[in-house]
Amino acid sequence: MPAESSHANVVAGHAGSIAVPPHALRHHFADLEQQRETATLGMWVFLITEVMFFGGMFAAYLVYRVAYPVAFQEASQHMAFLAGTVNTAVLICSSLFVACAVHAAQTGERKQIVFFLILALLLGMVFLGIKAVEYHDHWVEHTVPGASFQFQGTDPVHSEVFFALYFVMTGFHALHMLIGVGLVAVIIYFAWQGRYSPAYHTPVENVGLYWHFVDIIWIFLYPLLYLISHKHIY
Amino acid sequence: MATSTQIVEKETYLNTDFSIKSWLLTTDHKRIALLYLISITLFFFVGGLFALLIRLELLTPAGDLVQSDTYNKLFSMHGIVMIFLFLIPSIPAVFGNFFVPMMIGARDLAFPRINLLSWYLLMIGGSLIMYSIVTGGVDTGWTFYTPFSTEYANTQVVAAGLGIFVAGFSSILTGLNFIVTIHRMRAPGMSWGRMPLFLWSMYATSVVQILGTPVLAIAVALVFLERVFRIGIFNPQLGGDPLLFQHLFWFYSHPAVYIMILPSMGVVSEVIPCFARKRVFGYAAVALSSIAIAVFGFLVWAHHMFVAGISAYSALVFSLLSYAVALPSAIKVFNWTATIYKGSIHLRTPMLYALGFIGLFTMGGMTGLFLSSLGIDVHVHDTYFVIAHFHYIMVGGAVMGFMAALHFWWPKITGKIYPEVWGKIAASTIFLGFNLTFLPQFILGYLGMPRRYHVYPADFQVLNVMSTAGASILGVGYLLPLVYLFWSLRYGRDAGNNPWNAAGLEWTTASPPPTHNFDETPVVTWEAYNYHQLPAMPEEETIGASGI
Amino acid sequence: MWLKIPLWPSEASTISRNVDALFVFLLSVTGGVTLLVFAVIVFFLFKYRHTKHPVAEQIEGSVPLEILWSVIPLGIFMIFFGWGASIYFAEARPPKDALDVFVVAKQWMWKFEYQTGQREINVLHVPVDRPVRLTMISQDVVHSFFAPEMRVKADVLPGRYTTTWFQAVKPGHYHLFCAQYCGTQHANMVGEIVVMEPAEYQAWLQGGNAEGSIASTGQKLFQELGCISCHRFDTQGRGPNLQGVFGRPVLLDDGRTVVADEDYVRESILQPGAKVVAGFKPIMPTFQGVLSEDQLLALVAYVKSLSVPQQAEPVTSRPPVPPAAGGTPIAQ
Amino acid sequence: MAEVIVSRKIYVLVWLALMILTGLTAAISFVNLGTWSAPVAIGIASVKVLLVALFFMHLRYTQSKIVWVWAIAGIFWLTILFCLSMTDYITRGYLRVPGK
């Protein structure tokens, strides 16, 4: 780490009235506000790249859905409507808790940060658990694309494409959920240690942004994958 | 700015710490830039070796040097290494890293640790690609067209694809860092209108990196998944559409051309004013045209697919939009030309490269107009005409810009002056060798020689021989700087803070700069390229000698 | 001998002249502008060298100039675009009276099938002065049919038909390349286009050992596979009556309408449930993996023949009204 | 500090709206709306996403214009990807020539 003493004077001149924890301000920023705004912008720009990443999959979905609507409808009847709906609710609740945790960080209530984040973490795990059960059911039903795929329908080939897209999209989403759960766990640890204060809580905010983004992706996946057909078997 | 840094013992970013750990764990943007410089130079010569073998094979119409399988791997690896490991990182990761913070008067990029991470990601991606090379190579071409890549190729597609995926994230993080840095870290007084044009072009480049690269990542990931799990997304046997891959691939890979060329345009916009000693003509037009290129660049991708089986109406739309992206490039060329008008011109090495850039880029751009014209593209698509066209842009354009940047900023990066005579010799050699290599390929293409051909009809031989001869001259041209730049590290004269008397904040600090770049955060009160306020350029012989 | 550098491919089709004319036009315009810019730069470099012109004059820029050198190129670009697009559309639309040849590409060869039943590998025989329409499909990866002397190229895709056409203007032997990289022997996936005088071509057709026209092969398949039991030529079948269907719009049971073209017929054989005709049940079994691309082409040709009453049009002579000397009209 | 603190009451209200919309879209999915079912479902999802972005992600309260610019840029580029890809898929076969 480069010597910070040489320009500590510059920093001191700009630091706000609130006590700044020593670990909080990185050497190349003038003050905490600049640092916070920088981190927030960085997170937003990162989320835009994530939008484009999922955007590629949504484009693939769009192309095939427009081309093979019947095959997609039939395939969608084999989706666990109830599990998908419950999972949507679970994620929305977890987003609320994350928002509350950020609020707690802004007002400096350490125990509340930990409490709300633990709730969010648990709901995240519930989501992944339900997802795992769904995947298992698809495996048992032979609706996992590949050699073991079996499907009774008018156009099984393109129904298989639907399931390929389903697994790819929800798979990448679940991967993001896993990362989110890991990040939240880290934040819980640091929050418990008392690292965050009203002056410095950027990591809580940014992990919150990430969590909400993953929620947003699911909000779109839910109608696209589960609500295509008005005939739900489950 | 007063040069108050002439203290007895100068501490620079180079001599603060000599341990290997201090390099591999550095968060100093300047050291990371040097790490990039070393790695991409290595990759450049690996890719160059493949190119050399390709040209040697094409000396004769028969396949007498290598087998067809080997040849297919050679051009695939040449493309993959050159594009993903050299051209994409080249100017942004080396000169952007080094000079974006310095030009805006910041101490570092916004996220120094992410900056280091992105170098490691490039190294991991590079290692995966190198692994795929030594374990048998890839024979899909750098384009990975499906269903060949997902179903029929039995080479190391997965390892190379994974390498590109990882290297892509390196590119994304670099772009993210630049964008946030330019928004949030500018020194007081450094308004957008005062930023050097290099920063505008880096910003535009970053926009492309951030919005395009994720789509490539998902396209490659889908190829990977389809190949490993045999799920049908692109494979028509499984219900997919092979053209969808091409759409997703070119959504990134056409704008990726602008990731390569925009930074070079930025460099040229720095070099020409400096060696013409005047403000760039039409600052706003040049700055905005960079942004326009970044935006329009995303609207034209299917001009790579005019004969691929897209609908005729779609082709019409993309042809029209392709002309829109040619316009901002033309504006830049006209403005650079106007900048030279009534200047006071010094034909030093960086200027030679910059002029070379204008020449070759203009020819590359003009032939691009042929390719956007539907009727002609049908004939020349997938022929050597296309090969020549994009080498004029990427080698004639991007690499010339890279060399201009290297020679322009070498004194700042290393604090040393390279031998000017050798610089000029190398620049001229590269220019001549390049034209001899790629001009004949335009004719070959119109004659109908398809690309990626290992054997070819005998009537094409003469032009191929010319091209190979040019390639060997070009190879020598690229080796020369390697020699004299290394030589200068040990024997070169000290450069002093500002050997060209150039404008820009990076020249106001010591060469090589101290770790924290500036002793005090600079306050900018002047416009960019204020050459009328600066002393004349020192004569060649006096540079460095007086220790300015 | 060594110095005989080829510079221009021969013009062997009606379209080549148009493509070359556009190319020459672009070459002169862009070449002229490029040389002009270079000349100006070199002149400035010489005139304003620092030894003669030690102090630069600061010039800010000029909005009228920027507008001027944006608008003029844009206008020129629109000419390039319009001309290029008109050629492209001419290339995209085969004339109605074109001679049909079917192409099946595979790693690494070209198979050509004529309506009269002849089959060839890597050699395409066509008569001079008669438009030839190629309907192409690949058995494996993406290939590209490229005839440089005809100035035509079209990718050959797996799973879907693509089309190109040309009308040769002089007899001779011409290159045929695969332009899209397709694997190990890509560079050897080359062939020859032999353009013959009509009489010669007729003789060649007679010499071949054809087993009957491609449509009749399709008809045989249609019976052998039992298609006929549902697709009866009345209104009583469990499948649609295929007479007169080809080339017409078809109403599907989900309300959409598609045109019954080659791709629709092919898809309906392989994925019968994908686009079911309104009023019918999706009961047809799939023929995926059962039929080869050649057999599919035969079936398509047969279904097509059911819509053209005077199908047995002889390929023996030139069409009754040969196109004007300049070839088919290009710009509409 | 320029940071805006959003009251918890707003968060709960937004959450309530999101839950109601989820129930709504699930209920509507049992009704056969024909071609309208997809636009309606996507419309409801978009409203939900807007709520999350504006309130949970503080987009409504941000003082930094550039965050807005980037958020809109993301949507714009997605539109480019979707629309220009579809120019190909939708117009295929318009010329009634296979492959054009």
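Order as written gives the chain letters A, B, C and D; numbering starts at 1 within each chain.
Methods note: a residue touches a chain if its C-beta (ideal position, glycine included) is under 8 Å from a C-beta of that chain, and two chains touch if they have at least 3 such contacts.
Quantities reported herein were computed from a predicted structural model and do not represent experimental measurements.
Participant: Weigh B-C against C-D on C-beta contact pairs and write down the one with more.
Facilitator: Output for the comparison: B-C.
Participant: So, comparing C-alpha centroids, which chain is the farthest one from chain C?
Facilitator: Computed centres place A farthest from chain C.
Participant: Need the CA-centroid distance for the pair chain A / chain B, whole Å please.
Facilitator: Chain A and chain B have C-alpha centres separated by 34 Å.
Participant: Averaged over CA atoms, how far is the centre of chain C from the centre of chain D? Could you give it in whole Å?
Facilitator: 41
Participant: CA centre of chain A versus CA centre of chain C: separation in Å?
Facilitator: Those two chain centres are 47 Å apart.
Participant: Out of chain C, which residues touch more than one other chain, so two or more?
Facilitator: Touching at least two other chains: 92, 154, 157, 160, 162, 271.
Participant: What positions in chain B touch 2 or more of the other chains?
Facilitator: 183, 211, 215, 239, 241, 243-244, 247, 251, 309, 312
Participant: Tell me, which residues of chain D touch at least two other chains?
Facilitator: Answer for chain D, listing residues that touch two or more other chains: 66, 73-74, 77, 81, 85, 89-90, 93, 95, 99-100.
Participant: Chains as vertices, touching pairs as edges: which of line, ring, star, complete or other describes this one?
Facilitator: Chain contacts: complete, every pair touches.
Participant: Taking the complex as given, what residues does chain A use to touch chain D?
Facilitator: Per the touch definition, chain A meets chain D at residues 16, 18, 33, 36-37, 40-41, 44-45, 47-48, 51-52, 55-56, 58-59, 62-63, 65-67, 81, 85, 88-89, 92-93, 95-96, 98-100, 103, 106-107, 198-199, 208-209, 212-213, 215-216, 219-220, 222-224, 226-228, 230, 232.
Participant: Where on chain A is chain B touching in the complex?
Facilitator: Chain A residues touching chain B: 1-3, 6-7, 10, 26-28, 30, 34, 37-38, 41-42, 45-46, 48-57, 59-60, 63-64, 67-68, 145-147, 157-158, 160-161, 164-165, 167-168, 172.
Participant: Show me the residue ranges of chain A that touch chain C in the complex, using the header's touch definition.
Facilitator: 68-71, 153-158
Participant: Going by the contact rule set out above, which residues of chain D touch chain B in the complex?
Facilitator: 66, 73-74, 77, 80-81, 84-85, 87-95, 99-100
Participant: Can you list the chain D residues touching chain A in their complex?
Facilitator: 1-3, 5-6, 8, 11-12, 14-15, 18-19, 22, 25-26, 29-33, 37-38, 41-42, 44-45, 48-49, 52-53, 55-57, 62, 64, 66-67, 70-71, 73-75, 77-78, 81-82, 85-86, 89-90
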